Amino acid sequence: MSKRHLLALFDSFDEAGEAILELRGAKLKGFDTDHDMIIKSPIEHPEFNRVFGPKPVHVQWFPLFGSIVGCTFLFLLVSGSQANFFEQLKGGKPIVPIPINLVMTYALFMLSGVFLTVLGLFVCAGLPARRLPLYSSKVLDDQIGILVKADEATMPVIKAILTKHKAIEFQEEAGK
Amino acid sequence: MSIANLLQNWSRYRDTHPYGGAKPHMGYKWAMAIDMDICTGCNACTVACYAENNLAVVGKEKFLNGKSMHWLRIERYWHDSVEAGDPIELADGKEFKEGKQFHDQGAHFLPMMCQHCEAAPCETVCPVGATNHTQDGINSQIYNRCVGSRYCNANCPYKVRYFNWFNYQDPATENVWPEPLNQQLNPDVTVRSKGVMEKCTFCVQRLRAVMVDARTEERLVREGEVQTACQQACLAGAISFGNMLNPESRISKQWMQQEVNIALDAQPKNKHVGDAVDKRGYRILENLRPYPSVMYLEQVRESAV
Amino acid sequence: MKIKSDTFIRNPKDLWKGEPEHTEVRDLSPHIGFNQITSDVVNSLENPRPIYWWAIAICIAMVGVGVACEVHQYKTGLGVSNKSNTNVWGVYIASFIFWVGVSHAGTLLSALLHLTHSDWRKSVFRYAEAMTTFALMTAGLFVIVHLGRLWQVYYVMPYPNERGIWPNFQSPLVWDMFVIGTYLTCSSIFLYTGMIPDLAVFRDNIHDGWRKKLYTFLAMGWQGTDRQWRNFRVAYLTLSVYLIILAVSGHSVVSSDFAMSQQPGWHITSFPPYFVVGALYSGNAALITVFIILRYMFRYEEYLNMDVLRKLVRLTFALAMIWTYLHFIEMATVWYGHDQAAKDQLIFKATGVYAGWWWLFNFLAVVCPWVMAFRRWQTNLPVQMVLSLLLNVGMWLERWLIVAPTLGHSHYPWTFDFDQWPSYIQWGILFGSFGWFGLLLLVFCKVFPAVSMYELKELAYARKVELRHAHAEEGHGRPELATKGAH
Amino acid sequence: MIRYFLSLTVLLAGLFAAATSSADNSTIGDGVAPGANNAAAAAAKEKGGYVADYDDIFKVKGGPEAKPDTEIKPLMWNSVDEVFYDELGPHVEQPIEFPHDRHAGDPNKVNPDGKTGDGINCMYCHTYARRSLTSGIPPLRKCIGCHQNIPSVRDTPRIEKLFEYWDAGKPIPWKKVHDLPDYVRFNHERHIQRFIFKQERPYKEVCGYCHGDVSSMTVARRVKTLSMGFCVNCHKKNHALDNTFTKAGHGPNDCFMCHK
Amino acid sequence: MIENNFNRRDFLKVLGWGGAAVALSACGNTSVEDGTEFVTAHSTEGMPEYAIPGVYVHFNSTCAQCDSGCSIVGRVREGRVLKLEGNPESPINKGKICGLGQAGLQAHYNPDRITQPMLRKGDQGETITWEQALTLINEQLGGVKGNEVAFLTGGVSGHSGVLLKNYMDALGSANHYAYEAVTPSVVRAANKKSYGVEMPRLHIDKAQVVVSFGADFLGAWVSPVNFTQQYAKFRKGPNGSRGVLIQVESKMTLTGANADRWLCIRPGTEGVYALGLINALGAAGFKVPSAAAAIAKDYTAERVIQETGIPAEHTEKVVALLKERTPSLVLFGSAAEGYAHGSQNAAAITLLNHVLGNVGKTMAAPASVPFPQIAPKVGNRHALHALNDKIAQGNIKVLFTYGSNPVFTSHSSLNFKENLKKVPFKVVLSHYRDETAMEADLVLPLDSVMEDWGSSVPEYMADAAQINIQQALSEKLYPDTRGFGDVLLALLKQRRPTEYGQYEDFYGYLRNAMVQNKAALGGGTASDDMFWQKTVSHGIIKLPAKAASALKTPTATKLAFAAAAADEAYPLHLIPSTSAHMRDGRHANIPWLQESPDPITTVVWDSWVEIHPATAAKLGVVEGDVVEIASRSGAIKVMVYVFKGIHPDAVSVPMGYGHEAMGRYAKNTGQNVFKVLDSVFDKETGELALHETRVKVTKTGQKVKIVKDEGPYGGGQAGKRIALRKTTDKVNLSKEV
């Protein structure tokens, strides 16, 4: 049974929310709400949390790791290089002055943290992403899009439900 | 390998270098003493310094703009205003405080050059480490490493560092050494290019020459074997220079006799003033704790006249 | 596709009018729809008011002046900037601090206010963030311009080289190099990350040539799926946390250039907070200036509106007061301290050759901000324009009066030097730096969304929610949370 | 997570250690040092900012007639047409193509020109090396001193040229091959004293460490970078001998020792 | 990990500095260039064994920057003399050398030296060869009588002096004039009169108190290097009490700046004060010879105060000190001698010395050279006037000038420059194209001191008699310059070929002359070569000391001092001051000297007028104002330096500045004070009285920034502990190391 994609566009978050709930309730065969349905919206949609329930986010672990590694590395770098063959004698100061090295350690603490945060974002959010099979530029402008993937058989049912909830526009894959 | 160095010799790298702490100078600690009672301010040392160290003669306009290059400058003070130290006349000539009618106890000449501080404020701030403290207690200045941030000068309490504002060796623009004047240039001293800081080096080229000979003969440099240019020129012999770690050297005896300890920022002798009348030794701006290596001997004036 | 919108039909004459007192303005009117936000922003980029092009031209001219001066200085040597062996620093270092300071306001708005969920920032933080980045770039230029042998600036960078030597990590200048570099990198990353959703909108709405390619590349296939939004929120929060720390540490380190030294008037414990607050203060003033310019230039009246301006002005006033306090504290600690040299230094500033400038700076930076305390002037554009400029002049003077008098009047009387005045070269390069900064900013605002669309949409959404509650209380029906305008 | 962190730290540390120690590799070339320094030196020479060569001095002292007929071409980026230039410095065109291999080469080895070397000690001609900063090129007198007693090669072109200079009473304008930048203070005497006379190493090894195997060249050619890293690597090594200046056996690690 | 051929610029690109990196690499300026790296030494002959490239060789010679005759050591490397130090063997300077001497290098390498003989064509000069020049001189000398030839020199001594004398004899001319503009000739005369010698040997180090009437013996007086070294000993006080220096003068000299008590005296009243001191000493119970007492008795304390303006308490202290601390030493210099009654002042002061019993204790008879022909012929100002008169009468047809610059240093009322036009043929032997050379018909370029050979005998010898050898330290910079001796020899060969034909050059003559007398010169039985080698390598011949004859004690004669008449039109005294570096201006073209600040005022590169604050207030001028200083003979415009080291009735302008020619460094630097000097002469010696000029100072309204080293606080210390001074009388420095 081949699967097909359907993108429905809504004007209002309420409608979209209702539609999702109903799709969920419908318990359609071969249609798993968690995996076969993707919401696209111009802003983050607080309304839908009650629909999906909270989903785990792991980005925050990356900076933790990055910062710790980064500052360790930098401290080694700085004090190691101070202790090389050309030790730079500074009158009245030790060659490896710890508090001073901490300043730069702190800087790299943040730098590496930021780098890994972005890395984390890309990894977790799957960026850069390839364009999904069905896409309308409206979803970033002013409409909420619901992209569903389902058997051809169930597709009409889904479409009906969406239409019921004032889906103003549909996009479908061409049939095979 | 640096990491290995770090781990093996950690304690060594934690020593404070080189004064005070457990780290001694390696065989040498060059220091100077200047007796201002017999310094006549004749400028022989200044000219000798120009001759020895390829100093640029900047000319009238640049001198006026404070771009003069004298590593060793003779400062002339008057002590006869109402409170010593108050300005006698401000730049615009108006009398700031009414002093005596005449400078009737003469002037006070003070030769000022890089003090080669043991805890030099200039060393810590140089971003590229162009100025460091050498093993033998000199405040080094590596011209080719200098990028010209001028932070060292900004942080120098004595303002004895001089910056190459122009390309003084370029015959096209600043022709400081026109043919054949340039043939006098000392081959042992770099002619500094545009944009680097320079300062008194205790005539390091002379020191290194004798130190190399000494190493070849497997000994230390002897007292009197080397003189700085200013010391050699000083007519009155007011400048003495030598290795402080050599107990035989005149310099170490002088510091000892004057009870000036290089590792202190306040000399105990100054606490009991009266009885130390002929202990004239002191170091300028000692209280800022740069621990300078140049000791000055106070000028004396006869009170019987 | 071009999105027609009524935002164009607007009478330019009432631009300089402040909002009337009685009308209750919100930071965003609840009647604005998502579509309108998109179309406004996109179209404002398409054709800004003609003054934009004049501004560009002027900026390029200014940059030209600066570059000419720098080339002359590079060829002849730093001497042409008329410094002396006593006054080794001058306008360059002062301007460096000034620009680093300007950069801080952006971080404050975009990061700190983001954490505290103060929504009014949503329309201004984007260009503020851009200012951060560009101000830092300008500051970096000044470091290089200042060097005697700027062709060897790479000596300052710690990389394993064949010479086997390293920079001197004890030097505050190297800390600067580290921290400012970090700050620049991070803030530009922050700027970019925050722009991704909007770039996606542009990708969808712009259809011509290189910009399309650019946006497509930068948007990285953002489609606003729930997964993307989820992670995006957390990442952005994390970044803003880092940015706040950075901003604080950054200017503290810059202040340590002076505080770590031994010179009277520099060696002051309270310098780091003093610098940081001063940075926020001057940065906010600059923010107001740019606010007014952009509002007119790109027809952002709807979003950069009076309510936002008022909040901005109030914030600036608050910062000004904190800074004033620290300013007096700093003087007090010197005055009642034991360091005679520092005391002399202070007296010298107030009575010596720099006295005129010093009092002017005190007037501009301490007295002038009080104008902001009056509600009637908080939204008066001409007043705020002039005022913000004056404050910036004052704050620049503050930096210059930290640098110059101490050098001329430090520990050693023989070398005191009171009559060094920066030559036209220094002024020219300073002048050019403003052009450079303006040019970067203008180009940015033309190419990238200077106000954040998705955050505005969030704001609009929040307003609708409020509207709904209001209606609910009044017992009318329950209006939909439509993304369209409510008309 | 923790394990990841540890492993990565160790990895980075190792990498960094390798990086900082990579100067131990004595064949590191410095992108700028030798070339650019020559260029800058020559630039200043050309500017006439100072008298750069002994024969310039000679010219000034002895008047125009003593001016050497070929002057040293400035080795500059912009004069590549005159001097082919690479990272190791100039390929110098010497006035007389002096065959080092013939003089200093191994007596038991046959050179390309079918002759064996004479195995003459470097310091026989470069006689100042052991008592001066500079190794020195022998006065023409020295060449003649031997060659007037070697009739066999008397009329070979190079020797002809040699005697032309001699008869004209002119110095041979040799060109400097191993040209250190002017801010460096390199002391031949000290190194020779230490390694040849104290440690009694073979002179070929000692001289060759910096100059390469000259005895196999005709005209000397710079084969080592002579960059700072090159010096440093040797100074790092432990040649423990005396205990006067530094306790350590390595060369001085004090900037002021080699920089002037 | 870094790959081997790691490139910095790549790394910069990695850092994203690409754009910048291109600019950097384009510049390529990565090294700080040294002036003088050498390929190496390669020469055919001439490259002596000792000349190892990179190794210094030291040659001894004699400094000729001034007439003190210090022995110097030249540090020579690769044929270039790089630095001058003092020769420790010389009793005069004992291994030291002053700034002026150091600067001899730049006199040698000076870019403005004349390199070829020049002949005047209209107002152009064209270069000619030496042969042409010498033949030309010969022709010119052909037509004139011997007495119509004159030779004007500075002080000369040694063998060039001998040749000069012989040449004048050969010409049959008696017109050799030794002229020095700045020289203590009245002092010499007075000494001669009082002590029987012109310049007694001074033992400053033996004295406990030195009272100096304007003798700047630390700066520019007679033999400063030697005196400064004595002064150092004197301060340390070998016998336990630190020596006390009292300076009595109207304008603070370098010596005055080092005095324990600087007494500002009304110009010209030094003699009065000396006699006043004698009187006071007598009154204080000091044993004063009756004759002296008789002369001094009129000079009561009141009169002294009234005339000299020195307050009583200072005088009393001085008297007390002189009374209790002996021996003392009284010196007098330009300040005392420079008046119409200068000789009277001098006599009074010598008398004071006698009264104090210093003669024989702190002053001794000098050693003398057994060869009178090489003895120094010191110059004086009178010579120029004599010559000038002759020229004015048109009695001089050929004039040679060497070692002096009369057009610059003669006061304008002499109008020497105009008179010079009356001389048909003027030959100037000079290093620079100075003012006199500009007037010349033929200019002959001289070797610098570093290139020339010679011998000299210093006027003031610190110990036994000595002869200084001047050795060529480097080869000639320019092929067409010749030494003074060589020129004289060449000229003599024209006159007395038989006698001097044998000598190839002056070196040969000198060597021969020395070697011939080697017995008398302490050469003993050494071979000629040995002796000559030794002589040259030491650079000095110390002659066996003869028993010095005792000094004659001064006799008291009646003295009369012309009271300084008040002058309404020209109220102020002008004091032309001598700075140690500028002297009479012959070294004005040496950049080092121009740039090294004047010790007292720290002014560089310009001349200034010192005015006392009170006077300045009266005139309404402040520092930096340009004022016109007008005398009866002329006027100059100089900037004001308000200064408390000068008498309110006097203003002081340094000599030596204000050249109109001579070279790039000297030309138009400052103002020439000689221009304004009146021709007032000392009654006895006929010397020009340098300090007698009266001037009026008027404000021009112009204002300049005065170029000086001192900061805006002047000599103040802004409350910091920088320069510390002890004022005490119980410090004992003799034990200090």
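Labels A, B, C, D and E are assigned to the chains in the order they are written; within every chain, residues are numbered from 1.
Here is the rule we use: contacts are C-beta pairs under 8 Å (C-beta built on N, C-alpha and C of every residue); 3 or more make two chains touch, one makes a residue touch a chain.
Just so it is clear, the model here is predicted, and its values are computed rather than measured.
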Common touching chains of chain C and chain A: B, D
Reference chain B; chain at largest CA-centroid distance: A
Busiest interface, counted in C-beta pairs: B-E
Most central chain, Cα average position: B
Farthest chain relative to chain E (centres taken as mean CA coordinates): A
Computed distance of Cα centres, chain D from chain B, in Å: 36
Chain centre separation in whole Å, for chain E relative to chain A (CA means): 89
Between chain C and chain E, centroid-to-centroid distance (C-alpha), Å: 66
Centroid spacing, where centroids are CA-atom means, of chain C and chain D in whole angstrom: 56
Touching two or more other chains - residues of chain D: 13, 16-17, 19-20, 22, 28-29, 33, 44, 49-51, 57, 60, 181-183, 232, 255, 260
Sequence positions of chain B contacting 2 or more other chains: 2-3, 68, 73, 75, 91, 124, 129, 132, 134-135, 143-145, 169, 177, 179-180, 182-183, 185, 189-191, 196, 285, 290
Overlap residues in chain A, where contacts from two or more other chains coincide: 76-77, 80-82, 84-88, 90, 93
Which chain pairs touch, all of them: A-B, A-C, A-D, B-C, B-D, B-E, C-D, C-E, D-E
Residue ranges of chain E touching chain D (in the complex, touch as defined): 1-2, 4-10, 28-45, 47, 52-55, 78-80, 474-479
Touch list for chain E against partner chain B, complex: 29-38, 54, 77-78, 80-86, 95-100, 102-103, 105-106, 108-111, 218-219, 224-225, 228-229, 231-232, 235-236, 242, 244, 246-247, 252, 254-264, 314, 317-318, 320-321, 477, 580-581, 591-597, 599-600, 602, 604-606, 613-614, 616, 622-624, 642, 644-645, 669, 705, 707, 709-710, 712-733, 735-737
Touch list for chain C against partner chain E, complex: 144, 149-154, 157, 159-162, 340-341, 344, 411-419
Of all residues in chain D, those that touch chain C in their complex: 19-20, 22-23, 28-30, 33, 227-229, 232-233
Parts of chain B lying in touch with chain C, wherever the complex brings them together: 62, 65-68, 73, 75, 91, 112, 121, 124-129, 145-151, 153-155, 157-159, 161-167, 173, 194-197, 285, 288, 290
